[in-house]
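Listed below are the structures to be examined.
Here come two complexes built around chain A, the first alongside chain B, the second alongside chain C.
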Partner chain A sequence: MSVSVLQTVLENGQAVAAHRPWPRVIVTAETWTVLGSGLAGGAWTLLGLWGEVGWVHLALHESTSGFIGVASLACPEGRFPALGRLHPPAQRLERAISDLVGLQPVAAPDTRPWLDHGRWPLRHPLGNARAPTQPLPPYRFLPAEGESLHQIPVGPVHAGIIEPGHFRFTANGETVVRLEERLGYVHKGIEHLLSGASLEQAARLVGRVSGDSTVAYALAFARAVEAATATEIPTRAHWLRALMAELERLAHHCGDIGAICNDAAFALMLAHCAVLREQVLRASAACFGHRLLMDVVVPGGVARDLAASDVDLLRALVTDLRRQFAPLVELYDNTASLQDRTVGTGFVRPVLIQQFGCGGPIGRAGGRAFDARFTSAYPPYEQLGFAPLTRTDSDVNARVWLRIGEVGQSLALIEQILDQLPIGPVRVDVSRSGQAGEGMALIEGFRGDILVWLRLNADGTVARCHPRDPSWFQWPLLEAAIEGNIVADFPLCNKSFNGSYSGHDL
Partner chain B sequence: MALITDYLVQGGQMLLILLLAPLLTGWVRAIKARLLRRRGPSLLQPYRDLLKLLRKDVVLAESASWLFRVAPYLIFAAIWVAAALVPTFASGLLFNWTADLIAIVALLGTARFFLALAGLDVGTSFGGIGASREMMIASLAEPAMLMMVFTLSLLAGTTQLSTVAHFMLTAEVGLRVSLALALLALMMVAIAENARIPVDNPATHLELTMVHEAMVLEYSGRHLALIELAAALKLLLYLSLLGCIFAPWGMATAGAGLMAYLFGVAAYLAKLALGGFLLALFETSVAKMRVFRVDQFLGAALMLGLLGALLLFVSRSL
Partner chain C sequence: MRTWLFRNVLRSPLTMPAPKPSAAALAELATRVDQTARQRLGRSLAIRQVDAGSCNGCELEIHALNNAFYDLERFGLHFVASPRHADVLLVTGPVTVNMKEALERTYAATPDPKWVVAVGDCGRDGGVFAGSYACVGGVAEVIPVDLHIPGCPPSPMQLLEGLLALLQAQ
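The block that comes next holds the complex of A and B.
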C-alpha cells in the first residue's frame, strides 16, 4: 500500500476517540473544501455524506491506498460549504441533508428539495423538527430548450406494480435529450425511527431499508455495532453471514438477469431465471427459516445456525444451479434478437462511473474494480479465493454478463464456504461496556456497497444511524445512460441498473 | 328460401368469429404460458375479462372529447365487418361478394385511424407516443399488405377472396416463389398489425415501450371491452386470411349443405389452433425489436410483397 494522501490530510484534524474501525476526524471548513477539491480531482471517492444536528459527516475512500476515513465538520450556524459545486455526486446527498436535518449547503448549485415533497407533517425531521409553516414552492424541473422538443412525464405511479419514482423525459421524437429523476416517494423516515431504538429494533429496521438487500443491510448494521462496541464474534458466524450474503446475491442476480431480458419482451429467460431464484429462496427458507433471510444476521453473530444436514442441501443446490444456469447463459448468448437490444444500449461513460464511485455490477461493468468484499476485505472473504470481475463495455449487455459472471462466482464462493465452514458457537452477546461508541461498516450487497454508520449511546441504544444505499450513486448515472438512447429503451436501461427506490428514499 | 339460408349462414359466420375471437386469444396465451413453464389462466379467461369490463363503469379523462367515446364503437364495427368479409369455414357467402381484399385493408385502416385519433384526443403523452408509433408502423404495413394483394390478384385475376380461395385449390397454382414471398409478407404484416412480439408486446406493463397498449391506456369499462374484443377479432381476421388464401383446404362452398359446413368449421378450427400455436411459439423465441428496427422489418415485408408481384411480370410460372 502506498502512502495515503487522504490520511495525511485528515491528520490535520482532531481525531474522534471511539470511532472504529476507520478514523473519524473533526476538520475545519478549509480542510472540508480541500477534501471537496480532492473529490473533484478524483483523488478519492465519495462513500457517504450525511448530517445530524450541528454536524455534517463525509466518508471517503482512497482507491490507491485503500484508506477509508470520515471527516466531520461542525456547523454551528446551520450551514456548511457545499461540496456539490465541486463534485456533482454530492449534490443529491446535500439536498437530502438540507431536507432531513435542515443544514444548508452554502453556494450549492441546486437548492431544490430532494426527499421532502412538501407532504411530510414535519420539516427537518432529523434536525430541529417543526411543523411546516408554508408549503414548499412548486418543484421546477431542469429546462431543456430547443425546437420540437416535448416532455414525457412518467410515474410515480406506473403501469406495472413497481416502486414509485417520477421520470421526466425531454425527447425529440423518440430520442431522449434529457432525463431527470425525481425520487423520495417512498421516504419512510427510517433514520428518524432509528434514533433512540434499541439494538434489536434497529437491526430489524435496518434489515428493512431495502427488503431485497436485507442480508447485506443487516450485516452492515451488525458489523457497525460490533465495531462500535469492539465485539469479537465467533468465526463460524462470519462464515455463515458470508454464506447468506452469497445466497442473497445469487437469488437476486438470477432474478435480475431474467427481468432484464423480460423487458426486451423475452419472457422465456425470466421464466427460467425465476425458477432458479425460487430454488435459492426455498433453500434459504429450509436452512435459515426465511426465504429472504430477514433478521437472521443480528449484532453479535447470526440468529440461527446451519444444521449439518443442510450443508448437503446447499451443495445439491449449487450443483443443480450450475447445471441449469449454463444452458440459460447459452440461450442469452445465442438469441440474436435479444443481443440486438442489449448490446450498445444504455452506455455509461467509465469516467462518470469513476466520478460517482458507482459500485456493484454497474460500476464493475464500467471498469471500476471496486467490490467491498475484496477492497475492505471483511472476514471471511480475505480467506476466500476471488477477485472482482470487471468489464469495460459498460452497456446493458455488459451488466447482464457481469451478473452472469457473479452468479458463477457466488456459486464458487458458497462451495468454498461450505468446505471450510468452521465449527463452534454462532452468537455472542454484544458487549455493553457502558460507553458510547461509533462504528462503521462497508458491505457489498448485490446492488453494490452499502455503508452503515452509527453512534451508540452508553445505554446501548442507537443515537444516530445512517444507512447509505448503493443506489445513491447509481440513480444519477441512469440519467446519463439514457442520453441519446430512445425512449422505448429506457425500461431496459432502468432494469439493468435496478436501483433501489426504498433504499434511496429511506 | 335460398336467400334465407344464405342470410343464416352468413349470420352464423359473423357470430362464430365474434365468439371464437376471445377463445383464440385465450388459446395463444395458454400456449405461451405452457412454453414459459407456467400453468396459465383458463382458455375462457378472455371472456371473463370482457364480461368484467362490460359491467364496470367507464372512467373518462376530463380532456376526452366525443371522439374518444365514439371511437371504440367505430373501431369495433369496422373490424367486425372486415372480419366478416373473410371466408372462414365456407367461401362464397353473401358478404363475400360485397367487398374484396382491398376493402378489408381499407376497413382496417379506418379502424386504425380512429384508434390513433382517440390516442391523441386525451392529450396524454403516452397516447401521443402510441399514436405516432402506430402510424409509423402503418405507413409501411399497409403498402406491404397491398403489394401482397396485388401479387394474389395478378395470379388469381381477382381480389375477391372467395375466388382466390377457389383458385388456390386448383391444380394450376402449384408451387410458386411469388406466393411464398406473399405468404412471408402477409405473416410479417400480421405480426405488426396485431401488435405481437417482436413489433409490440401485448403483455407488457412498460408504458414507454407500448404501441397499441399506449393508445388504449386511457380506456376503461365497456369502451375497453370493445377495443379488446376488436383486437381479438383482428388477430382472428389475420389468421383466417392466412388460412383462406394459403390453406383453403376443407372450406365448404356456399349452399353445400350442413355436413360440408360442419366439416368446414372443423377444418377452420384446426387452422386457427395451428396458427395460434405457431404464433405463440414464435413469440416465445424472439425478443422485441428496437422501435427503429420496425421500419426495417416492415420494409422487408414491403420488399417481399413487391418482389412477389414483380416476379409475376417476369414469368407467369414463378
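The block that comes next holds the complex of A and C.
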C-alpha cells in the first residue's frame, strides 16, 4: 500500500484518544477546506458527514492506500465552511445537518431544508431543540424552463408496495429532462431516539434503520460498539455474522433481479425469483429464528448459535438454489425483448459513480471496485476467497448482471463459511471499562457500504450514534440516470437502484 | 422459454394450503365492524398498501404474500395501485409526522365502505419508534383502524391469517 496523503494531512490535527479502529482528528477550518478540495479533486471519497452540538464530523476514505479517517471541526459559532460548494455529494448531508443539528454550512449552494418538512414540533432536534417560532417557507423545486416542458409530480404515496418519497419530473413529451427528488417522508427521528439509549435498545433501533439491511446494520452497530469498548468477540461469532450477511444479500439480490424484470413487464422472472427469495427466508427462520434475521447480530457476538443439523439444511439450500438459479440466468440472457428494455437504460456515467463514492451493485456495475467486505476486510472475509465483481456498462442491464454474479458469489461464500466454521462460544459480554469511547464500522450490506459511528457514555449508554445508509450516495445518481430516458422507464431505473427511503430519511 | 413454461405446467404447485383465519383478528373485527359492513366484507377485496413510515421490513413480508407459496390472489384479495380502487388500506409504520397528511388524504380518497388494517408493531403503537418527535404513533392515532396485525414484522402467514379474517367476518 502506498503512503497515505490523507494520513499526512490529518496528522496536522489533534488526535482524539478514544476513537477506534480508525483515527479521529480535530482539524482547523483551513484543513477542513483542504479536505474538501481533496474530495472535489477525487483524491478521497466521502464516507460520511454528520454533526452534533458544536461539531461537524467528516469521514473519508483514500482508495490508493485504503486509509480511513475522521476529521472533526469545532463550530463554536454554529457555522462551518460548506463542503457542498466544492463537492456536490456533501450537499444533502449538509442540508440534513442544518435541519437536525442547526449548524449552518457557510456559502452552501443549496440552503433549502432537506429532512425537515416544517411539520415537526421541534426545530434542530439534535442541537438546541426548540419549538418552531415561524413556519418554514414553502419548498421550492428547482426551475426547469423551456418550450413545451411539463411537470409530473409523483408521490409521496406510490402505486406499488414501496416506500414513500416525492419525485418531480420535468418532461419534454416522453423524455425526462430533469428529475428532482424530495425525500424525508419516513424520517423517524432515529438518531434522537439513539441518544441515551441502552446498548440493547440501540441495537434494536439500528437494526430497523432499513429493515431490508437489518443484518448489515446490526453488524455495523455491533462492530462499532466492540471497537469503542475494545471487546474481542469469539471467532465463531464472526463467521456466523458473515453467514447471516450473505443470506441477507442472497435473499434481496434474488428479489431485486425478479423485481427489475417485472418492471420490464417480464413477470415470469419475478415469480421464480420470489420463490428463491422465500426459500432463503425460510432457511434463515429455521436456522436463526427470524425470517429477516432481525436482532440476531448483537454487540458481543450473536444471540443464537447455528445447530449442527442446520449446517446440512443450508448446504442443501445452496445446492438447490444453484440448480434453480442457472436456468433463470439463461432465461434472462436469452430473452431479447427483456434486454431490449434493460440495455442502455438508466446509464450513469462512471465519473459520477466515482465522485459520489457510490457503493454496492450500482457502484460496481459502473466500474467502482469498492466492496467493504474486501476493502476494509473485516473478519472473516480476509480468510475467504473472493474479490469484488465489476462491470463498466453502468446501465440497468449491468446492474442485473452484477447482482446475478453476486448471487453466485454469496452462494460460494456460504459454502466456504460452512466448510470452515470454527467451533466454540458465540457471545461474550461487552467490556464495561467504565470509560467513554468512540467507535466506527464500515460494513457491506446488499445495497452498499453502511457506516455507523458512535460515542458511548461511561455508563455504557449511547451518547451519539450516526448510521449512514449507502442510499445517500445513490439517490442523487438516480436523478442523473433517468435524464434523457422516457418516463415509462423510470420504474425500471428506480428498481435497478433500489435505494432505501427509510435508511436515508432516518 | 416455451420449454420452460411447459416444465412448470407439469410441476406440482408450491402453494401452501390456506391457514385458518386468526381467532384474535375475528374477535377484533366482531367488536369493531358493524353487521351491515360485515356483509360487504367477505367478498373479493382490493387492498391498497400505504407505508406511513415503516422501516420497510413490513413491506418485505407484504410483498411475500404475492409469491407462489402464499398466492394471495387465490382468496380474491389483490393489491391495487390507487386508493380510489381500494376496499382495504393496509397501513404500516409508526406514522411519521411527515407522512401524516399523506395518510389522511389517502384515507379520504378511498371510497366507502372501507376498512383499515394496521400492520406491524409500529402500526399498532409506534413500536421501537414510539415517543419520537418525528412519529405520531400507531395508525389509529390518525385514522380509524378495524384490525391490527402485530409482529415485527408479521410473517406472511400471520398477515394471511389476519386478512382471511376479513373475508370471514360476516
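Just so it is clear, the second predicted complex is superposed on the first by the 506 of 506 C-alpha atoms of A that agree within 3 Å, B and C clash if a C-alpha of one lies under 4 Å from a C-alpha of the other, contacts with A are read in each partner's own complex, and residues count from 1 in each chain.
Throughout what follows, contacts are C-beta pairs under 8 Å (C-beta built on N, C-alpha and C of every residue); 3 or more make two chains touch, one makes a residue touch a chain.
Everything quoted here is computed from the prediction, not taken from an experiment.
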| item | value |
| --- | --- |
| Partner chain(s) touched by A:D212 [first = chain B, second = chain C, both, neither] | second |
| Which superposed partner A:Y185 touches (first chain B, second chain C, both, neither) | second |
| Residues of chain A touched, compared between chain B and chain C (which is higher) | C |
| Touching partner for A:T335 - first (chain B), second (chain C), both, neither | both |
| Chain B versus chain C as contact partner of A:P491, first or second or both or neither | first |
| Chain B versus chain C as contact partner of A:V176, first or second or both or neither | neither |
| Partner chain(s) touched by A:A271 [first = chain B, second = chain C, both, neither] | both |
| Partner chain in contact with A:Q151 - chain B first, chain C second, else both or neither | first |
| Chain B versus chain C as contact partner of A:L126, first or second or both or neither | neither |
| Touched partner set for A:V70, first chain B, second chain C, both or neither | neither |
| Those residues of chain A which chain B touches in one complex and chain C touches in the other | 159-161, 268, 271, 275, 335 |
| Chain A-touching residues of chain C, taken from the complex the two chains share | 1, 4-5, 14, 49-64, 66-69, 79, 81-83, 93-94, 96-102, 106, 128-129, 131-135, 152-153, 155 |
| Residues of chain A touching chain C in the complex | 117, 119-122, 125, 129, 156-157, 159-164, 184-190, 192-193, 201, 204-205, 208-212, 214, 255, 268, 271, 274-275, 277-278, 281, 285, 291-292, 294, 327, 331, 334-335, 500-502 |
| In the complex with chain B, residue positions of chain A that touch it | 150-154, 158-161, 173-174, 261, 263-268, 270-272, 275, 335, 337-338, 340-341, 486-491 |
| Residues on chain B engaged by chain A in the complex (per definition of touch) | 32, 35-38, 125-126, 128-129, 132, 197-198, 201, 203-210, 217, 284-293 |
